[in-house]
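What follows is a group of structures, each given as structure tokens.
Shared between the two complexes below is chain A, which pairs with chain B and chain C, respectively.
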Partner chain A sequence: MKVAKQPRYVNEEKCTACGVCAIYCPVSVPDPYDENLSHRKAIHISYTQAAPSSYAVDPNNCLFLNRQECKQCTRTCQAEAIDFDQRPEILSYDVGALILSPGFSSFNPSRSGSYNYPDSPNIVTGKEFERICCASGPYVGKILRPSDLKRPDKIAIIQCVGSRDKTSGNPYCSSVCCKYAVKDAIVALEHEPDLDITIFFMDMRMYGKGFDVFHERAKAGGVKFVRSRVSNIKENPETRNLALKYAAEDGSLREDTYNLVVLANGLEAPQGNSTLALATGTRLNRYGFCETSLFSPLDTSREGIFVAGAFQGPKAIPDSVIQAGGSAASAAELLTSARGTLVTEKEFPEERTDPDESPKIGVFVCHCGKNIGGVVDVHEVKKYAETLPDVVTVEDNLYSCSQDTQVLIRDTIIEHKLNRIVVAACTPRTHEPLFQDTNREAGLNKCLVEMVNIRDQCSWVHMHEKDAATRKAKDLIRMAVAKASLIEPLPEPIVKVSPKGMIIGGGLSGMTAALSLARQGFECYLIERSLELGGNLRHTYFTLEGPDPQEYLDQFIREVRNHDNIHLFSDASIEKIEGFVGNFKTVLSFGDAENRKRVEIEHGIIIIATGAKPFEPDEYLYGSHEKVLIQQTLEKKLALQEIDAGTLNHIVMIQCVGSRDETHRYCSSICCGQAIKNALKIKELNPETEVTILYRDVMTYGFNEDFYDLARDKGVMFIRYEPDQRPRVEDLDGKLRLTVRSPLMKEDLVLDPDLLVLSTAMVPHENRTLVEQLAVPLSSDQFFLESHAQLKPVDSYVDGIYLCGMAQFPKPIDERIAQAKAAASKAAILLAKGYVKTEPIVSSCNTDKCIGCGLCEYFCPYSAIRITKMGKLKKAEVISAACKGCGVCASYCPTRAIDMGRFTDDQITAQIRAFGEKH
Partner chain B sequence: MVVGGGIAGIQASTDLADAGFYVYLVESSSAIGGVMAALDKTFPTNDCSI
Partner chain C sequence: MTNDKSEPAILGFFCHWCCYAAADAAGVARFQYPPNVRVIRVMCTGRIDPIFLMDGFVNGADGIFVGG
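Let's look at the complex of A and B:
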């Protein structure tokens, strides 16, 4: 690969990101990071936490580079980091695989002439509004409008700007703008609870796990939703307010005035896409995104080159992260023989040990931009912390997580010979590992850091009570300091990982995950409870996108059955799962009833791929009238020619049956696509058959919007219904009669279909035994719960157990494949490493105090503590790698023999005592 | 080699590096992070995007 490296004119090794150069640089230009709503200097850093943490010279605006004058930066930089001798370089690399992840660019709304962008300053794009809301943004987190920096009391957000719009050149749906618009509305209301916000939309596409509830929350919070495409925006030149013209759903023309308008502009292919495609020899699709196919969503048209993120098609962060994991797995499959040959593990200085040293604590208080600093008086907190016992030094940082702050923390530890630190910032869930690493770099054990969350549980919840929040931050820090003086260095026990995987579920996701592990050289067991592999894919006969699912299914099954690394158990049930990350033992039984066999297998990881199934409703005469079917049945009957489309006059489909209502709150994501697929099939078989789809919002996100367009072109009728005015079905002497209230015409429509097809929810299987055996939590919708929706979308809450496919949430074929591969990627990291370090928070038993009563063994939910014989006595023994640190054992132990690492009784008591102390 | 250092590129790179491969991450701007780095809070978890 040849890469052109542009000079940054700053030596990254030397730059300390102190920012002095930018103070002296005389050239001020609009800051693209702030969407040009603020200014930066010609020498700049994109944002505080930027990596690499080094300034760069903007060659288009630098005086020296353009006119050979100035060089203020060179003169002021103490680190001598400025280097105007740098030149563009062409670097050459030999690589075994390439992943393309150049993202997307945003639609420029000036192309939609009628919206007056950018001529009216109070019409802003989605990204501009993100910056306006952001604490580190141009208005430091105050919601103001650009023209006069006044609060916009009335805000309109307009959806589908440059999306779903042939005139803009982008007929597809950008998939994320509905979600970010609802987020923006909710966030804006958090800032200013009495704002009047209206969202103008065509369909609210809040598909995907956890999104539809936000839609409901926004509605409950007072956000108005108007189903309409705004035709025109006019600015009043005096007030700079904006008049929106739109047609209401009943056809009446309306006009309304707003102080600020946000255009939820869509996502386009990234700039430079053609150059990149040319340079890499890969093909683009009809919209300039990377060309992929339904069953190979991570493969570009050229072998060895993969794609991830929004370049594959507009998508939100969780999907981008999933795809990235998936493409990493694809690359790893290719490069298996090179694994481990070029890398070394990061080394840390030896840990300082001085057990008798008295506590010397450093406290680091974070502003988190305005997240904390906008509510809590950080300077007062800092002064207060300096008065606390054992505290040697206190620093406050704009962003404690930035790279330069890590250097500062490390240097402060060394300079003041600190032996414990307290970081008062955000959540340890995302940030503790960072500060632990910084500790290690300063020669301290990773356990000698105590994090206290003054954001989630303080500044966020007390946003409107600044004084109380400041007092609470002080309380929390006093408590943390009291605990910190008792914390101790702890070892991280190392546990070996058995290099095999077990995958539960032999559908598309399970097979994909198994194949990826197998291709990466790991043996795995694939467990399927039925006789056949394939799951839902077995009942998929055609696809919207074209590829024949049965053909792919056969290919998958063949490869799974023939791969030496895959041991398939079908007709199998899991009887017992024991053990912990790296060391699971599972007992299975399999084979027919007479010849049922049992085996015990050992494996290091588990991937859950148990899928989901279509919901069987008890409404709309389903089950009692033979002409009422669910979509899956229709598909099968069409494919097997059990239904003759030629004889059908009219088919009606009802969407959201059992989705987005009291039965299941979520949108099942795939039923709209499935309905359109079947509608198109019917139209293909017999163009005369009338097809009517009764819907709430059509969720054909991404490029599938094309098929929605196609269906309308082919004459498929779409009629919307309100959730509180559902269609009614009657059986009139065997004939179906449907009545539906059309919000468009404000009247009841009566339909007499030959067939009524219900698009029912996808629901999780009832897997209660399995859930108990795995001891992994479910989300409120009963799908398996991922440990972080955005950044850890395939990790369960239990180490070594991963999730994928519809067991995690309903999703279409390409997303299932990507997620299965992402799970395989994460699993392979563990299997390849061969060991895990267990967290020091585990329980430990003081055998002198233990009386061997066995209460802990009885109560531990993870079988992580057991009673063993020690000489003549019975004593509790902890299996560290299985322990999750929940503390159940410690709370039951009658003799207080058990202590939890980093949460000992003494430490917690000290913390509670400190709470009661006066400040 | 990973081309583009947004959230997707970063994730792909860290996965591969953790799995024992040497990775070149190529980014055209002066810092990695892509669009996510400029977002205020992100759905569905409402975490700060940094």
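Let's look at the complex of A and C:
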């Protein structure tokens, strides 16, 4: 693989991201990160969290690169990181797999002519509004409109700009805009509670876990939702307000004026997509996104090349993170034989141990070029630090983080026989690991360093108060030295990981996860409660996208059953699970009732893939009238030809049965697609059969929008109903009669279908026993709770336990496969490493003081502390490998038996006392 | 207690993962704020024993800022 690398004209190794170059750079240009609503310099860092954390020169705007003059950056950079001699490079890599993740481009609303986006600064895109709402954005979080920087009291948000719109070239749904519009509306109201916000939409697609609740919250918070497509926006040249013309749902034409209009513009295939496709030899789909298929959502058309994120199709953050994990698993399956071959472990000298030694502290104060030194009087601070107790030596460094300073610190530790160091520089969040390594190189335990943040939280934020900043730096160093006197070397216990996995649930997700682990070379136990593998996929007979699910399932089950690394237990139940990350023990029973066997298995990780099932309602005559079915039954009857579509005149389907209401507050994501799938099947079998779908919002997100279009083309009727005016069903001597209020026509429609089909919610299985065995939490909708909705969508709250598939939330086949692979990917990290290294910041229990009250066990959010019997007494035991170091246990402990490594009661108390000392 | 209430001594307990990170971000953005707070970093506000707060007041804090 060859990669062209453009020069950044800054040496990433030397750049400390201090930002002085940008202060002196004379060229100011619009900042694309702020959607051009603010300015940045020609030398810049893209955004705070950019990786690498290094500045770069914008070659289009730099004076030196364009006119051979200036070079202010070179003169002001004390780290000597500016390098105008850099040239474009071609880098060559030998790789075994490739993952494409170039993201998406935003639809440019200039292409929607009637919205006049280029003509008014007060018509902004979704991303522009996002920046406007952001505390780190151009208006520091004040909601202002660009033309006059005044508060826009009345804001309109328009959905589907460049989405679901054939004229724009994008007939598909961008999947994320409804969600971000609702989020932006809620955020804007948090800033300014009395804003008047209206969202104009076609369907509010708040599918997926937890999103519909936000829709309801926005409504309750006063956001108005108008179901209409705005036809025209016009600016009043004097007030710069914007007049919107739109047709209300009843057909009447309306006009309304707003101070600011937000166009919720959609997602497109990324720029450069065809170049990338050409370079990688992969195919694009009809909309320019990467071509994949339903059962291989992460595989491009070329073997060994995988895809993740919005390039595969428009998607939100959790789905992108899931695909990233999943494609990593796919790559790891290919690279199993090469695993670890490029790793070299860093070696350190043996640690000095002398427990009786009195504290000898070295303090290192950083100038950070001018970043600290320009505000804080470093020499005064240095003199002050020399007076503090236990301090043996104080040094000041131009850059404490530079390579040569590391050598100096190491030598100083050795020379003065220091046993603790204090580094007063930037933030421990980024730099503590560096100084910990320096300590280790000098033979000191890594915990014997304390950092003082005199840059990010001192010189940078008190730039005009030099004396006060200097006083603050002294106080902070005094507090750190007081703590440093009490810090102790701490071990990093290593816990071995049993290199096997256990997957609970043998449906599509469980099998996918098991097979991925098996292909990556790990043995796993696949536990299925029923006799058969396959779960919900067993009852799926056809798909919208085309591939035959039963054919796939047969082949898949064969592969799972035949893989040497997979040990299958069907008809199994879990009797007991104990242990913790890396070391679980599970007791299973399996086999038929007369010949039930018990077995104990040991495994390092657990993947929960217990799935979900269709909700069985007790409304709409379900269960009492034979012509009322749920979608899954209809699908089966159609597939097995138990229903003859030729004899049916009219089928009515009702969406959102037991969904998005008081029964289940969420949208199950898959029911609209399923209804359309069955409707199209009926139309295929008999085009004369009338099909009517009664819906609230049609949730055919992404490319599935095409099938919604197709269904309408084939004559499927879609009639909306309001949640407070649900359809009514009567049994008239065996015949069904349906009455539904149409909001469009404002009258009751009467339908006499041969068959009534209910699209019911997907609901979790009864998981109470499993939840108790695993000690993992559920979310309010009773699905398993992930530890971070956006960024950790497959991790549970307990280390070593992962989630996937419909156990986490209902989702379509391709998303289930991706998530199962992502769970396998996360699990494989632990299994491949073979051990868990415990951070020293964990709690420890003094069993002499512990009274076994169990408060700590009750409050620990990570199930990392438990009460066990020691002899006759109950005592708390910390599972270090699972502890995250939050310290909740320590602060609740009534006898102070629990303490936290690196954050002990004594250390914090010493800091507080030092805070009170006058200098 | 300090006498000059226009310059109160504020003791801060910041959670490593959120408030401490936000305070760093404020620095990166060069937001200027009064120099009266002295920060003790903890890994989570769950670590904060109420005794720490009492101790802070005993040791001269005019106010305590718990950020988590």
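Please note the rule applied: the second predicted complex is superposed on the first by the 688 of 919 C-alpha atoms of A that agree within 3 Å, B and C clash if a C-alpha of one lies under 4 Å from a C-alpha of the other, contacts with A are read in each partner's own complex, and residues count from 1 in each chain.
In the analysis below, a contact is a pair of C-beta atoms (placed from the backbone, for glycine too) under 8 Å apart; a residue touches a chain by one contact, two chains touch by 3 or more.
Everything numeric in this text was worked out from a predicted model, so none of it was measured.
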Given the touch rule stated above, what does A:D475 touch, chain B (first), chain C (second), both, or neither?
-> second
Now for A:Q457: first (chain B), second (chain C), both, or neither, which partner does it touch?
-> second
Return first, second, both or neither, reflecting whether A:Y180 touches chain B, chain C, both chains, or no partner chain.
-> first
Chain A: partner with more touched residues, chain B or chain C | B
Looking at the overlay, does A:I908 come into contact with chain B only (first), chain C only (second), both, or neither?
-> second
State whether A:L531 touches chain B only (first), chain C only (second), both chains, or neither.
-> neither
After lining up the shared chain so the two structures overlap, which partner does A:P102 touch, if you call chain B first and chain C second: first, second, both or neither?
-> first
In the superposed arrangement, what residues of chain A touch both chain B and chain C?
-> none
Taking the complex as given, what residues does chain A use to touch chain B?
-> 1, 3, 8, 33, 35, 44-47, 49-52, 54, 56, 93, 95, 97-104, 127, 130-131, 133-135, 137, 179-180, 182-183, 187, 209-211, 214, 270, 272, 276, 308-311, 316-318, 320-321, 323-325, 327-329, 331-332, 335, 338-340, 342-343, 368-369, 371, 399, 401, 426, 430, 788-790, 825-826, 828-829, 832-833
Which residues of chain C touch chain A in their complex?
-> 9, 11, 16, 20-21, 23-33, 35, 38-44, 46-50, 52, 55-56, 58-61
Okay, in this complex, where on chain B does chain A touch?
-> 1-13, 15-22, 24, 26, 28-48, 50
What does chain A use to touch chain C in their complex?
-> 19, 48, 136, 427-429, 453, 455-458, 460-465, 468-469, 471-472, 475-476, 479, 841, 859, 884-888, 890-891, 900, 903, 905, 908-909, 911-913, 915-916
